[in-house]
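In the two complexes that follow, chain A is the common piece, with chain B as its partner first and chain C second.
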Partner chain A sequence: MTRAGSKWITFALWVLFSLMTLVPIWWMFLVSVKQRADLFGKPSFLLNIGRMTWDNYAIVITNPAFQKYMLNSLIVSTANAALVCALGLLAAYAMSRYRMKGKDNIFFWVLTNRMAPPAAFLLPLYLLFTGVFSVGEWSLFDTRIGLILLYCVLNLPFAFWLLQGIIDGIPAELDEAAYVDGASTWQVLRTVIIPLAGPGIAVTGILTWVFAWNEYLFASTLTSVNARTITTGLAEFVTVTGTNWGQMAAVAMLTLLPAALVLALVQKHIVAGLTFGAVKG
Partner chain B sequence: MASVTLQSVRKNWGSFEALKSLDLHIPDGEFLVLLGPSGCGKSTTMRIIAGLEEVTSGKLLFGQEDVTNVHPRRRNVAMVFQNYALYPHMTVAENIGYPLKVTRVDKAKAREQVLDAARKVDLTDYLQRLPKDLSGGQRQRVALARALVRDPKVFLLDEPLSNLDAKLRVAMRAEIKHLQRTIGVTMIYVTHDQIEAMTLADRIVLMNKGAIQQIGTPDEIYDDPANLFVAGFIGSPPMNFVTGEVVDGVFRAPGVTVPGSPGRGPATLGFRAEDVTLAPAGAFQGTVFEVEPTGEATYLVVEVGGARAMLRTDKKHRPAIGSPVAFDVPASQCLFFNPADGLRIRRPVPHLQQVTA
Partner chain C sequence: MRSSTTGWLLLLPTIVILVFTGVMPFIYVLLTSFFDWNLFAVNPEPQWAAANNFRRLVHDAEFLKSIWLTLKFTLYVLVSQVAIGFALARLMMRDFPFKKFFRAVHTLPLMIAPIAVGATWRLMTVPGLGPIPYYLKNWFGIDYRLSMFPDQAFASVVLMDIWHWTPFVTLTLLAGLSNLPQEPVEQARIDGANEVQIFWDIILPAMKPVLLTTIFIRIMDALRVVDEVWMLTQGGPGAETRFIGLHIWKIVFPKTDYGYGSAMSLLTLYLTIVICWLLYVAMTARKERPL
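Let's look at the complex of A and B:
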């Protein structure tokens, strides 16, 4: 095959994959900016960018339920990411630097926690959240702290695995030099490890944030009114009187927005972070 | 500043004995060099003194104080690592000032001390650079300055010059020696380069396989080696060895007859290339195997007594390969070793000889 030919194939594949990922988003965007009546026309509707309206967004944003869900999502995702990063970093540091019995086994065991299908834990968790983790009237069910803790459990193995690779990539001699220079363990972490693992910690934070933001299964089962997140709130637009497609699409677009923004801003660091341990400096 | 004492220090990793009962006293202000082949336990000894490695048994004292179980941050030693271990995200000034920052020295005072240390190693123009923008020699000086900025009890340097090119190494060697002399600190210096050891040390500790082979001044180690290992390790070219047998005070090997030899039975005779004088009727008779001119001298590789030996001769001397060669070595420069355990067989001290005679 000629060079030009293979170039065209590459280009065609590239276009195809772009369309596959971007068309649904475009579609959703169009739905969110159209009147209800316009939605059920011909497929050419996908190319019709006339007659846009922001009404759906206005309605959704002023909806107190939407505001609450959005806030819940932000709080849960952010708190989860912060907690997971802090715990993951400490665990990864200990694992990377200290000698302990059964180190490899611990690592494997932690990772296998993530291999079981999450749905298998659903019923036990529901029972725990409603019946066992409760004090008097109060239980973990339908609380933000409940979701935060649960996501921590789900995210920690991943964060741990990612961060350990990153800390392993930081020469232990730097810690040793710092100790000899008179630093305490906490000072070593704060002045040497955290700055050097910075990109890796950021990546871990973002990926766990996005995971919590997108999580549906547990959020829909373990919350009802107070702690409902935006992904589960989406489903509420399917009502007995029919589905309000325009508003639902607007909510979906708004849900997409923070994650897309965050990812766009740090995309460069993600690549840097994921390859951090590969080349020793 | 303090003296350092190791008392029966052992270090095992599982069943592997990295250090076999080390006993060593380093007086205050001494420049001590740990010398030995790769893997002999030099770095391990150093790391034990710094507290980065725990001893399996034994004791470590700074002055009179037992520091065996003291955390490295509380030992107040300064260490220069083999690959410098500079903090890559900090500027030169921050690197040098790090020990002061973590021990909460007053900021203004710290800045003063950093400048002072930077001046000592001639780095004042580079204070705002990151380590990655420095040359190898400059990095090495940053590591030195980071150690100098404090007032440590002991200075530890683990092969600090091994990453430098030959020319810079010679220059830095002089610098380190001068520094140690001016501040008078106890310094322990690891190297596997014997020239470095000979030029720097007040005393050399020669190690092999986790055990001390000999402790002494460079002259003692060179002129009066305790065993075959030391004799063969020190000197360039290394000492020549011929194995033979001593009968009635005469050492004999094929083509070699040396009277006045101590002991009896199998022995290894050692002599150095530079102690040789060519003499047609010499005690050593061999043939020229190869000729190696170096510019300042000509070295002959000679087959003698069933072994090969290096002889240092005049730079103009160019014998034909395969031609016979005869030479003498002064009796005082002939060293004898027991081939079984490698230990020196010493001549009886003269006055004792008279008593027995």
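Let's look at the complex of A and C:
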């Protein structure tokens, strides 16, 4: 076989695999823009532009409950990403630049927090959030601040690890020079580390934001009314409201949209991100 | 290297938060697992129960079944994903047009919320609406109903996981393949080795570290699968796809039998750690063994 021939066969195979990836998502989009009467019957993978409707999206977006879910998700993900980036940066800087006894153990311990199966922590977290972590009437249960803090257990080890690698890559001579000029630790972080680690911090922020946005299990058990997120809203379609498939598809599309949007920005960091650097992308 | 006091101060917030969200729940679940504590019992206050909760676990058929299902699921998805992922990674190594685009599309499922993955597959498989039941019926005469047939439900969950996570295996193995030195392969080809020999004798041994890391991470993730399975089958029909995470979350936890639930959570955690540790030992032992 000629080289050019094999090139196009590989191309054709990848077209096929990409279709396998995209067809379920395309189908969901089709369901979300179909009129109710067109949902059932012979399935067609073609978009019928004449009968297309955005009603499902309009209904969902104007629904106060979903506005609240969406807002909660935005607040929780953004605040959590900012928090883990800030704390992760401080911790990573300490790990990278300071001589401390037992810091390798601390590093390992921080990372193990990410490994545990979340389901095993649901019950104790629920009991802690409703009981132990409360002051008078107020408890962490069903609050956005509760979720923001809790998602640290997933995202902080990740941010910590990712940022440590980035700070290790910045020559220590640069901050030593600043210290000689009389800068404080805070000034060194602000004027040397943060500017140089900027792109790395951005990647960390984006990935942790997506992880927090995607989280479901904790959000579903540790909130009830006020702090529900978009993922719990989506799950309610299979349990509470019966089966309004069009609206469910619309919500699911809105849920997966951020992931699709940021994919291009962070694509080459995803492998290192998901394996904690055990495999370099 | 600078003095340690400032270093510890910088680490402090991270340690404090992880103590509250990671260590305290662990200690709490450890404590409550030794108590009888059910909000709806005659006496809703916690009472010391020694190891009774754990004794109950060993005879709990539902719990044992969920463990068995989880292990079966993990084995199925792992074998398929490693096989498919390796093939795709090799295919991605070739030179072809629009490679970057195809790679991005292939990566997409990894970023999607698992709950949305479940929703996607739910819409594909709902009878009357989804294309899968329709075409299985019309082309092959197969009656496909997730809520009726355990084997179909299990197979669908496995296929969904393959769709969702194979890209992860592809990407890690692709990273491994890209970093392999080319000389041994070239040399073997000059020496007259065929492609099958090159794969088994040169590429596979060289890929072992990446392969084992990938398998390790996939097992950890497969053992804790919940969201997408809940969206697709709700653990049904009956309890045929009710994996361990689902079992704790939907069955044990809402019953407010907190002592027993804690014992189950703890045992799940313990099993995960044991599996993790066994894998780790297997991985490191391989490396040290002389050839």
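The working rule: the second predicted complex is superposed on the first by the 242 of 281 C-alpha atoms of A that agree within 3 Å, B and C clash if a C-alpha of one lies under 4 Å from a C-alpha of the other, contacts with A are read in each partner's own complex, and residues count from 1 in each chain.
Please note the rule applied: contacts are C-beta pairs under 8 Å (C-beta built on N, C-alpha and C of every residue); 3 or more make two chains touch, one makes a residue touch a chain.
Computed from a predicted model, the values in this text were never measured in an experiment.
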**Request:** Return fit or clash for chain B versus chain C, each positioned on chain A through the superposition.
**Result:** fit
**Message:** Of the two partners chain B and chain C, which one touches more residues belonging to chain A?
**Reply:** C
**Request:** Scan A:113 for contacts with chain B and chain C and give back first, second, both or neither.
**Result:** second
**Prompt:** Taking C-alpha centres, what angle do chain B and chain C open up at chain A, rounded to the nearest 10 degrees?
**Reply:** 100
**Request:** Name the contact category of A:210: first (chain B only), second (chain C only), both, or neither.
**Result:** second
**Prompt:** Which partner does A:149 reach: the first (chain B), the second (chain C), both, or neither?
**Reply:** second
**Asked** Just chain B (first), just chain C (second), both, or neither: which does A:136 touch?
**Response** neither
**Prompt:** Given the touch rule stated above, what does A:102 touch, chain B (first), chain C (second), both, or neither?
**Reply:** neither
**Asked** Between chain B and chain C, what is the tightest CA to CA spacing in Å in the combined model?
**Response** 8
**Asked** For chain A, which residues belong to both interfaces, chain B and chain C?
**Response** 281
**Prompt:** Hey, which residues of chain C end up touching chain A in the complex?
**Reply:** 1-4, 6-11, 13-15, 17-18, 20-22, 24-26, 28-29, 32, 88, 91, 94-98, 102-116, 119-124, 126, 128-131, 134-135, 163, 167-168, 171-172, 175-176, 179, 210, 213-214, 217, 220, 223-224, 226-227, 230-231, 234, 244-246, 248-249, 252-253, 258, 261-262, 265-266, 268-269, 272, 276
**Message:** For a test of understanding, state which residues of chain A touch chain B in their complex under the given definition.
**Reply:** 171, 173-174, 176-184, 187, 191-192, 195-196, 281
**Item:** Residue ranges of chain A in contact with chain C within the complex
**Value:** 6-8, 10-11, 13-15, 17-18, 20-22, 24-25, 27-28, 31, 39-40, 42-43, 45, 87-88, 90-91, 93-95, 97-101, 103, 106, 109-110, 113, 115-128, 132-133, 149-150, 152-153, 156-157, 160, 185, 210, 213-214, 216-217, 221, 231, 234-235, 237-239, 243, 245, 248-249, 251-252, 255-256, 259-260, 262-264, 267, 270-271, 274-275, 278-281
**Prompt:** Can you list the residues on chain B that touch chain A in the complex?
**Reply:** 50-52, 71-73, 75-79, 81, 83, 85, 87-89, 98-99, 101-103, 132, 146, 150
